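Next, two complexes with chain A in common: one pairs it with chain B, the other with chain C.
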Partner chain A sequence: MKRKRVMAAVAVASALAVGLTACGGGGGSSSNNTAGGASGFNAGADKVVNPSDAKGGVIKMANSGDWDSLDPGDTYYAYSWNFVRLYGRSLVTFQSAPGAEGAKLVPDLAESLGKPSDDSKTWTYKLRSGVKFEDGKTVTSKDVKYAVERSLDKTVFPNGPTYFNDYLDLGDYKTPYSDPTPDKLGLKAIETPDDSTIVFHLKTAFSGFDYFAMLPSTIPVEQAKDTGSKYKEHVVSTGPYMFKENNLGKNFTLVRNPQWDQKTDPVRKALPDEYDVSLNVNADDIDNRLLSGDLDVDIAGSGVQAAAQGKILSDQAKKANADDPTVARLWYTSINGDVAPLDNVHCRKAVEYAADKTGYLAAYGGQTGGQVATNMMPPIIPGAESFNTYETPNNAGDPAKAKQELQACGKADGFETNISYRAERPKEKAAAEALQQSLSKAGIKLTIKPFPTGDYYKLYAGKPDYAKSNNLGLMINGWGADWPDGFGFLSQIVDSRVIRASGGNTNLSVKDPAVDALIDKALTTTDTSAREKVWVDVDKKVMDDAYTLPGLWSKGLLYRPPHLTNVFVSNGYQMYDYLALGVKK
Partner chain B sequence: MTAPMEVPGDAVQAEPEAVLAGMGKAIEGRSLRQIAWLRLKRDRVAMAGGVVVVILVVAAAVAFVLDRVFGLIPTTQFNQPLIDPDLQIPKGVFGGLSVDHPLGVEPVNGRDLLARIFAGSWVSLLIAFLSTVVSVVIGTVLGVIAGFFGGWVDTLISRLMDVFLAFPLLLFSLALAGVVPDNAFGLSGDALRIALLIFIIGFFNWSYIGRIIRGQTLSLREREFVDAARSLGARAPHILFRELLPNLAAPILVYSTLLIPTNVLFESALSYLGVGVRPPTPTWGGMLSDATQYYQIDPEFMLVPGIAIFITVLAFNLFGDGLRDALDPRAR
Partner chain C sequence: MFAYLIRRLLGAIVMLFIVSIAVFLIFFLLPRIGGATADDLASRYVGKTADAAQIHLMAQKLGFTDPLYVQYGRFLAGIFAGADYSTGPTTVHCPAPCLGYSFITQNPVLPDLLDRFPVTLSLAVGGAIVWLSFGVSAGVVSALRKGSLFDRTAMGIALAGVSLPIFFTGLLALNIFSYNLGWFPAGGSYTNFTDNPALWAYDLILPWVTLAFLNAAAYARLTRAGMLETMGEDFIRTARAKGLPERTVVVRHGLRAALTPITTIFGLDIGILLGSSILTEHTYSLNGLGAYALQAITSNDLPKVLGVTILAATFVIVANLVVDILYVVIDPRVRI
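Showing the complex of A and B:
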């Protein structure tokens, strides 16, 4: 989910933890699956902990930061996409189920998943009947169309994703706020032939459109109640909960929405009576309150702080109430083919062989912080395959093999280059130092160069001519998927056509026409399993090119207080599923 | 009291010197410098600070020779077997104290803390010393000129001081770090970064001492000895550097000793923002900022550089205070 999500993750990500080398078994899962549901460390990762259908109670949540916006059309945080479903229903959503099942799309406001036609350039959805706004008005396809139209306006709503802007056949349509048609529904790319049907027309074929229909910007918005950038103060609910009180930047309360009908909604359980959410709470304070039972959920869902992690891992009773799920995020290093001698594939391969990935993993917190990544796509993405193009003993690097590649590259004595990282991120610094250490054994001498985090992509590593002229041969990088799918994970980091000379790139190094061609093939493949295989081919080709050095697939240590019921991690959002939660009174 | 009425005659004629000589002491004229030194010697706290300062400087010099000339200090040696694989912090208490690692090791990679603190001392102190020299030289020269000449020269220099005081130093240093290439001014690597830090810290801190010196000069130039020198035909440079400057030695010395600890701390702030000396070269400030994420679990990592900076700052401050008291007793 672009940089924001990565940044949010890093702010809260785990600092300490486990495991270095060989014996990787310590602290594994010890889940016992009894009739009363699962329990134990990591039980929530793929099973339901404390299953319950008991309604009532209040769930208390806290956020160490603040939402980018509560407006469904203007939000780009994973936790927000998870949480927004309590007060809004998008056309499609992730199934509320533990583990891999949670990464499957199911119809929500729509009756079924999208029906493609015209070679996947047209997508049609039928809406469920009987869905109402909190004011009693029935939801129609026009409300969905209006919601998507307004989300196109990036001056009013700058935070949300731009997939509809990029893929819909917009013509010269800009925004409903300057739309001359009387009903403000002048966008030709979306048709509403009747009140329960909505049809999307795309510029290019796109086989994964259901993921776009999952975006919160398809949550219907009543045109009469739309107040533009102020809509976030009171979003009109279509879900089981509605806003009772909303003090922006401080706290808000959700209570039951009387107009919501369980019969129209197979996805949501709606167990608690109320949600109390506090904002801008100190992160360590959130952890301490979670551990004492005063708080139920850390809404950011990216893991506890280093201090709490130490407390949890060293106490078996607390550890049994924690989960350490893998998330769809890769920490890696881009290898810049613009910089000599890395323009030679053998020199890049020398880097791949020389790197000690156990040191890379240690820098990000060891075994609790992630698992060694041998290729790009995280294993929790449906269809992803783990393979290792550059096998080294225990992933600890192989200087001898690296030297062979250096010979082939014509740099038998090694070479010098720079490695960049974000100055305010101690983990990236530790990773850079670890790479410097391990690469020096093969004769590759790295000079470490920190850059300010805020401008890392805009002015430095993400600006091709700067990176080239300053010899940034290696650039520490990280990426989290917008959704667990090959397109959501890979498209922004390996497609050379997304690289802009003006900077702000997230693809720092992968420039291969063969990769681009494979991506185009994936976009037009409608069959899901065939498409997943194409994305694996993309992954393999990128690794063959050696433009990236994968470091680790990230994990986050989550804590679930024992009184929380129906707890499980959904692979859709890689955190606790907020639709299912309940609480013991 | 039954003293005889008559006293021996030779005693009456005795000279005072002879009396004193009989007591084993000769009267001698003491220079101002000697008086100050005597006062300083009597101030035990200041002397203790001074001794620590000398030890630190010697240690830093030794560290420089061992580290840069002989490469004997293992600052970048990873010791990952010493790290607890479950918590990623050193095994054992207090950061893994042991005979091999008397101050423990760093979390994550297990580098020896003593080696890094020792090697870091020369980087931190060198930057602090030289940047202080830069500010003091610029500040003194401009302050004396402004104070002595007055008029438009004073106005110009004083406004310049205001500009430097209002300068957004951190933003500037962040920008500079991105602009300065790897090789510049015939320097590269650590040498260039250290030179850059000295320039940034020194060049943008001169206005504070400049103001103090200007104020002192304003009062000094009205004194009789300046008038005397002028009436004897002395020119401005002579008055500035032979008459005024020696009388400014006290504030300059005192301010320098107080500026050094400030600069140690400033270097750590810059290191934290990524403008400082680049890893893996250790500096105290850099080690301290690395420790912030571990202090709740492994305080040793923060204590070691923290105590090193604390001792340095305290020693310089105590010595500086004592020096001021000794040179200017009225300020007591």
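Showing the complex of A and C:
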């Protein structure tokens, strides 16, 4: 009996400890935004919170994972593209401004946006004068050309995007590392007629080339300082900060670059004196430190974990320091036209009508996790339109309409198929289960098939012959825009020509020549608003084809400690703009 | 004694060789048996928009297109003679013993492992001292005062310690003692012992206590059980009958005999902990071997996984060797 009492005491102590955790974590935080400007929940989504031009202090950032690479020519993470601008200047960048203004391109290393030829196949940029590397050498157009050339070598720099590989008129050119020309600048697709001019020659017209000029691979690299795959250990800065210390996989520190001149740079504020970045930090610990004020920024910018989400949303003071912006990310399901009977558009439409999207949304955390998506392009993409081709009451599915489509498809009694998802992602599992439940009401029977996340695109769902032979009729999918415009969001997920038989595809289902033709039309339309309308047409055609079932446009709950100044979400990166941040000392 | 040592050393080397082959086969042969091609393996190490030609070039660069025995031969050659790796414009030499070259970080594996070893060593040694001191002491006192309030409280806490996982107790400790009370530094704090020993200890107190809380519990229960059994033995009665002081009876006769199984488990625990204290390091954001192993696994970086597995196996084997030698000291019967 006594033993039981001791055990009970231990249990009570443990329960109290759990309770303390639930209550704790917020001791140091406060909602008193005294610096003026916007404040309150979601204030940072389209306004500047705590506006300030005060310089000094140290911004402490942490990352629950690690960079793919700190080398500007070898990185493909959104937070990395946002952050790299602190130590590198690409030809063009996103304006440092809140909300939609932050998705506008402005010249950075270049004097102005690109000047296209009439056929949009040749793009010319003039460089600003007076921009220097941290070692004092003046940046020339040859340094930009060399940077792009080296980024083409995907055996040395495997991580970065392949837009320059795909669009430049490369001929036989592979890499500067095997370039026989003495200056290693043998690529004919890029010309540097003088030290301040760079000309890009494309093999096909591309009206949105300024987005390519925004890529970190246009950040100049001194050939003499290039150490290939080791360059990430010490990137030679052209931005306001340079590496003081870099312990790969652990932490690094950026300090002011004495060679950076504010007069050459209308984009950056460069407020703090230093950035301290810790890597591979426990994700829950990052949230706790943010809430206690010990940390300034969760650098991944994808939102706090579920535990912290509860703490923030249930506490008005903390909630006032949080933002929940919609991001250019869509969680959706690909409907595979290679798998019968989904090769019949009416069977695909039956899936569209039968799906309960409120269940889909609930699988991803409900209203905090996003909003129901009725079409492909997220609303924050400039020019995007929201429309609903397959309207159902309260987005909860309409089995009666689904059955009509099944009748038209010749499958009045329904059909059976498989639905795949990434095994390590519980939200995708929940989404598959929600679809299984709602589609069964129309007679469509789904068998759920999990696959390992790491190989999902390369070996399973993203490999067309595997998906077909394994009857993967539906495939849970997700996509975030490389940049917020029609091409950046749609090209990799709806253009049938990007589908490779070898696997690794993100377009798992959309194969329509009419869609491809519309994409080509968008690529040659130079007028921005006209081009945006074409991308909406692409979106509508994809929905008419019923190759995709949009689930939700994603959101991420971001927390900004009260002592952080000049905080706002830029639609360019859909997270806090890292160029603008300052900190109260 | 010398022959015994040589025999054990040779056994350890053979065991390491077998481990290296087994791990190599698991990561490089099993996927092939499952139908993966060289390009499939390489596709994990290219960007998301790489085409077939780029994937194939990467497969060639990483050596996946070579027969398996050539790949293993290259791995062994690296251990004994070192190896060279291209960075693009230059070549990096990975000196012997070269445990491979990471596909992801583009760094030789061994220097990374050695760089992270002090963190794990600090964690393991400090934690071990705490849990051994508290665990064994609590176990001895509990055994001697069986049924007392101390015994029941200590065993109750021990039960909680064994039951609560480190990622829970660790985050709880950080929350209370670091973020609310401010007594200890935040997660991720680590100072090199050689830079500032006092700060080193201060930074690691919470991880040590957390680790000790889990392990001390098991040691307390084991010691208690061992002592209860030993103290009932005839030789203890004989020692007491000889008129030896109780302290000598308990420490020199009772505890020494009860320590033999503890030593075995302690050796294994230390070996395993040195190789992979994944949970503690992840919870406290310490960049030691455990965190390295976790990153290697999540990024599918096979050379890193291979390197960290071989190092972890080495620790376990060496720890066992040390335990075997300690047996000779602790328990004279082994020498017979």
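Everything below uses one rule, namely that the second predicted complex is superposed on the first by the 549 of 585 C-alpha atoms of A that agree within 3 Å, B and C clash if a C-alpha of one lies under 4 Å from a C-alpha of the other, contacts with A are read in each partner's own complex, and residues count from 1 in each chain.
Definition applied: a contact is a pair of C-beta atoms (placed from the backbone, for glycine too) under 8 Å apart; a residue touches a chain by one contact, two chains touch by 3 or more.
Please read these numbers as outputs of a predicted model, since none were measured by experiment.
By the document's definition of touching, of the two partners only chain C reaches A:62; chain B does not.
Contacts of A:313 after superposition: chain B is touched, whereas chain C is not reached.
By the document's definition of touching, of the two partners only chain C reaches A:500; chain B does not. Applying the stated contact rule after C-alpha superposition, one finds that A:433 touches chain B and leaves chain C untouched.
Set side by side, chain B and chain C differ in how many residues of chain A they touch, and the one touching more is C.
Looking at the shared chain after the overlay, A:194 reaches neither chain B nor chain C. When both complexes are overlaid on chain A, the residue A:459 reaches chain B and chain C alike.
Legend: residue contacts after superposition of the two complexes on their common chain; A:365 is shown touching chain B, with no touch to chain C. Within the superposed three-chain model, A:343 lies out of touch with both chain B and chain C [touch as defined at top]. In the superposition on chain A, A:447 makes contact with chain B only, while chain C stays out of contact range. Residue overlap on chain A between its contacts with chain B in one complex and with chain C in the other: 17-18, 20-21, 27, 284, 455, 459. Those residues of chain C lying in contact with chain A across their complex are 36, 39-40, 43-52, 54-55, 57-58, 61, 86-90, 92, 105-107, 112, 152-153, 156-157, 159-160, 164, 171-172, 174-176, 179-180, 186-188, 282-285, 287, 291-292, 295, 300. Those residues of chain A lying in contact with chain B across their complex are 15-21, 23, 26-27, 284, 306-307, 310, 313-314, 358-359, 362-363, 365-368, 418, 423-424, 426, 429-430, 432-434, 436-437, 447-452, 455, 459-460, 470-471.
Residue ranges on chain B touching chain A, taken from their complex, read 76, 78, 80, 83, 85-89, 107-109, 174, 178, 181-182, 189, 273-275, 278-280, 289-290, 292-294, 296-297. Residues 2-3, 6-7, 9-10, 13-14, 17-18, 20-21, 24-25, 27-28, 62, 66, 76, 150, 153-156, 158-162, 165-166, 175, 177, 226-230, 232, 248-250, 278-282, 284-285, 288-289, 291-292, 294-295, 454-455, 457-459, 492, 498, 500-504, 506 of chain A are the ones that touch chain C when the two sit in their complex.
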